[in-house]
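Shared chain: chain A. Partners: chain B in the first complex, chain C in the second.
Moving on, here comes the complex of A and B:
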C-alpha cells in the first residue's frame, strides 16, 4: 500500500509537468488553431537555458526565473516573424513551419551545447529526499510538484479571472467575433504563443535536474503533450490540466503492478477516453 | 536494308559501354566494399556517429586499402529498427556489392541483420550484449566482438562482491530486449555462488527516460545494491534518478554493461560517487594498441573514446586482420581466417572461438573516482579488475555453427 501511495505521489508530480506542457500546447493550438510541433523543442531549449544561465550566474533560482522568459521571447519572435506570415497560407504551411522549426531548434542545441548530454543537479537545499512516512521521496520532486501546481493554478486564474484571459478564451471560441469587436487579434496570437512557449520553457527548466539534458529530450515530451491536448479536449484548458494529471497518475499506478506497461498505458488511456468521448474529457469540438 | 531490332541496339550499346569504360569496370571489380551499419536516427542516434568515427579511423590507418586493393567504405542508417536496418543492409549488399558489414549497435536489431548476413552469405561483425549471435542463432557468417554476457556478469559480480561482501540484496533494472535478458540471466546465475538475493528485477523499454516509477519500487525493496543492465541514455537517466531519490551514494550502483566515458561524462561527479561500472572498453586500458588509438582519437576529437567508437575501431581491425590472414577478399576465405584468429588489440589478447564465433577477450570493471581525486574532467574511474572467464560449455547454445 505504501508503494501505491508513493507511486500516486510520483504520478501527481509527473502529471503536473505534463499538465504544464499540455496547457501551453492547448493554448497555442486553441487560439492560433495550429499544432505546434516545436513545443517539445521549446521545452528542451528551456532546460538548456536554465543550465547555462544558472551555471553562469551560479544561482539555480535566477536561472529558473530567467530561462522561461527567454523561451517566451523566443516564442514571441517565432509568432511575430514566422507563424504570422503564414496565416493566409493555410494549415499545411504552418504545420510544416513548426515542424521545421523543431528540427532547427534541436540541431541548434547540438551546435551550441554539443551532441553529448549532461546532468544539472538541483540546488543543494533540494538534493536528497525526505521520509514522508509511507515513502522516501526526493525533495526536488516535491518542489516541482508545488511549483508546477502553482503555475497551473496561476495560468488558469489568469485565463479565467482576468479581462485579457477572457479575450484569449474568446479567441479560442471564435476568432472572427473577437476581431469584429475591435480587439487586435494578431496581438492576441502573439501573446498566446509567448505564454504557451513560456509554459513549455518552464516545464523544461523544472525537468532539467530530474531527467538531465540531451538534444532529443523534447521529442518524448512533445508526444505526451499532444496526448494531453487530445485527451483534455482541443483548446480546453481545464481539460489539459486534468488530462496531464490523469496520465501521470495512471502511468505511475500501473508501474506499481505492471511496470512494463507503464508507457503503453498513456496511449491506452487516450484511446479509451476517445472511444467513449471523441471530443476529449472536457472538449466540445 | 536490314532491320535493326531493339535487342541488337541493346547489345551494341552494352558492347560500346564495355569498350568505352573499361577502366571503370576494372576499378569496380577490384574495390572491396565494406558496410558500416550505424544508426543516425532512433534510440541509438547518438551512438551511430561515434561508431562511424571508430570505423573510419581503422580504415584510414591502412590507407583505405587492403591486400593492395582499395576499400570502399559505405554507411547506412539503420534507424535502430530491425525493418529499416535489414532493408538497408540488403540494398547495400545487392546494390553496392558489399560483402562485409559491421554493426548495428542494438542487439535486437543485430539479430535480424545477422539473418540477412546468413542468407546473403556476407561477413558480419557485431558488438553487443545478446548471447544469441554466438549462441542459439549462431552461423558461419556472424562474429561477436563484445565479451560474452557471461564473461561480463562474472567480472562484474565477482569483483563487486570482493569489494562489498555484505551487499547481498540486489535490485535489478533491466532493458527489455535481447541484450538485457542475456546479461540478466548470467548476473543471476553468477550471483548464486555469492548467495545473492534478487529482491526485485524490473524491465524497462529501450529509450525510457522517466525512471521515477522504477526507482521508487527499487527504494521500497531496500536493497544493498542496485544493478542496472541497460545502456546509453537509459543508463544515464536511471543513474540520475537513483541519485535524485537519495539511494546513491549510500547504496552502491552498478552499471553492468556501460559504454564507459560516453555515459560517465553525462553524470555529475556527485552522481558517480559509489558507482561501479562494467564495460567492454575503457580508455585507460594498458595495451599498446589502446594507447595509440586513444592518442589518435583524442587528437582528432578532443575527448577520450568510449565503447562505441572503440568497438567499431577494433571490429574493423579484426576484419582487416582476417583479410591479412586469408590473403584473400573472398567471403569463405575471410570467414575461415577469422575463425580461430588471435590478435592483440585495444582490449588485450583476443581469440575468436571457431566453434561459436564468440571473441574471448577481457572485460573491464571500473570504480568511479570521487571528485576530489579527479585530475581532469575525463579522469572518471580506475580500472580495478579485468576478467575473461569464457561461457561454460554447459550454457553454450551454439551446438553446430553449420556450413558456408
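Moving on, here comes the complex of A and C:
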C-alpha cells in the first residue's frame, strides 16, 4: 500500500512536468496554429543545457535559471527566423520545418554531448529523502512538484489575470479579430513561441536530475506532450493539468506492477479516454 | 512528363543498373507506402504522422507467420494488407473524429503506443534487436531469394499498386475524398458522411502501408524496431512531400530521391539526419511544393503556358 502511495506521488510529480510540456505546446499550437514537432527537442536541449551550465558554474540554481531562458531565446529565434514565414503554408510544410529543427537539435545533442546518456545529480540540499509518515520520499521530487506547480500557477495568473494573457487567449480563439483590434499579432506569435519554449526548457531542466539525460528523451516527451494536448484541449490550462496528472499517475501506478507497460500505458489511457470521449477530457474541439 | 506510366516502366528497368537491387526494391516498396499515405495527405488532406503503425504491424505479423508457419509469399502479402487495414481502422476510428492539428498529434501518439508495445514485447518482436529470420520462400518454382528475382516481384506488385491507386483516385470515391479536402463542410452538406469517408481513406492507406511493410520485411529478412517507429512514419511523409503531394506520381519520385539519398548518406556519416534536418528547413523556407512543382515551374519558365498564367 505504501508502495502505491509513493508511486502516486511520483506520478503527480512527473504528471506536473507533463502538464508543463503540454501547456507550452498548447500555447504554441493554439496561438500559432502550427504542429510543433520540435517541442520535445526543446525539452531535451533544456535538460542538456542545465547539466552543462550548472556543471560549468558549479551551481544548480543558476543553471535552472539560465537554461530555460536559453531555450526561450532559441524559441524566439525559431519563430522570428523560420516559423514566421510559414503561417500561410500548410500544416504539412510547417511539420516538415519543425521536424527538421527537431532532427537538427537532437543530432546536435549527439554531436555536442555524445550518444551515451548520463545522469545529473540534484543540488546537495535536495539530495536524500524525507519521511512523509507513510513513505520515505526523495526531496528532489517534492521540489519538482512544488516548482512545476508554481510554474503552472504563474502561467495561469499570466493568462487569466494580465492583459497580455487575455490577448493571448483571444489569439487562440480568434486570430483575425485580435489582429483587427489593432494588436500586433506577429509579436504575440513570437511571445507565445518563446513562452512555450521556456516551459519546455524548464520541464527538461527539472527532469534532468530525475531521469538523467539521453538523446532520445526529446522524442519520448514529444509524444507525451501530444497526449496532454489531445486530452486537455488547446490553450486549456485546467485540461493540461488534469491530463498531465492523469497520465503521470497511470504511468507510475502501472510501473509498480508491470514496469514493461509503463510507457505504453500513457498512450493506451489516451486511446481509452478518446474512445469514450472523442472530444477530450473537457470537450474542446 | 507526357506519359508518366511509361516513365515509371522505364525507371523500373533502368533502376537496377544504377543502384543495388536491394536499394532498388526498397525504393519501389517505399513508393507503395507513399501511394497509401498520399491518398490521405494529397487527396483527402489528412496529414497522418502514424503510417509506420500499419507498416510495422503488418511486417511483424506477416513476418512472424512467414518465420514460424512458413506461409507462402502471396498469403503473407494478403495478411499484411489485412493487418495494415485493421490497424488503420482502429487508429483511424479514434483520429478522424478530430481534425487539423489534433489529428496530426493523435496519429503520432497512437504510433507511439504501437511502438512501445513492440519495444517491450521482446519475446515476439525481439525489441530493439528487431525480429530476424523472415524468409522469402520459393513459390511456383520461382526462387525469390535471388535479389533480382525479388526486385522483379516487388516491381510487379508496385505497378499493380500504382494502377489500383490510379483507379481509386479517378473513381467517384477519389472525387469525394478531394471534395472533403477542398471543403469538408460542403462535402458534408452535399450528403457525404465525412468521417466515414476519411476512415475509408485511412483503411485503404493502411492496406497499402501493410503491403509495403511485408515486402520490406521479406526484402531485408528482418523486421527492425524502427519499422514501427515514428521514424518510418516521418520518412514516408517526407518522401511524399519531397516528391510533391499534389500528384499521383509525387510520392514515387519522392521515394526515389529519399531512399537513394538516405541509403547513400547513412553509409557516409552516422549523423546524416542532421543534414536531412537542414535540408528540410531549407526546402520548406525556399522550395515549397516539392520536385514535381519545381519541375513544373522550371518547365513553365521556359515556355509559359496560357493556362498557368491565367491563374
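Heads up, the rule we're going with is that the second predicted complex is superposed on the first by the 276 of 285 C-alpha atoms of A that agree within 3 Å, B and C clash if a C-alpha of one lies under 4 Å from a C-alpha of the other, contacts with A are read in each partner's own complex, and residues count from 1 in each chain.
The criterion applied here is as follows: contacts are C-beta pairs under 8 Å (C-beta built on N, C-alpha and C of every residue); 3 or more make two chains touch, one makes a residue touch a chain.
Being a predicted model, the structure only gives us computed values, none of them experimental.
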Overlay on chain A: chain C relative to chain B, clash or fit: clash
First (chain B), second (chain C), both or neither touched by A:263: both
First, second, both or neither for A:229, with chain B first and chain C second: second
Which of chain B and chain C A:6 touches, first, second, both or neither: first
First (chain B), second (chain C), both or neither touched by A:118: first
Partner chain in contact with A:93 - chain B first, chain C second, else both or neither: second
Which of chain B and chain C A:35 touches, first, second, both or neither: second
Partner chain in contact with A:14 - chain B first, chain C second, else both or neither: first
Segment of chain B that clashes with chain C, given the candidates 1-9, 109-117 or 163-171: 109-117
Residues on chain A lying within both footprints (that of chain B and that of chain C): 260, 263
Complex contacts: residues of chain A adjacent to chain B: 2-3, 6-7, 10, 13-14, 115-122, 127-129, 135-138, 140-141, 209-212, 214-217, 220, 251-252, 255-256, 259-260, 262-263
Chain A-facing residues of chain B, complex: 45-46, 49, 176, 202-205, 207-210, 212-214, 216-217, 219-220, 233, 236-237, 240-241, 244-246, 262, 265-268, 270-271
Residues of chain A that touch chain C when the two form their complex: 29, 33-35, 82, 85-86, 89, 91-97, 99-104, 106-108, 110-111, 219, 222-223, 226-227, 229-230, 234, 260-261, 263-264, 267-268, 270-271, 274-275, 278-279, 285
Footprint of chain A on chain C - complex, ascending: 41, 47, 49, 94, 97-102, 104-106, 108-110, 112-113, 116-117, 119-120, 230, 234, 237-238, 241, 245, 271, 273-274, 276-281, 283-285, 288
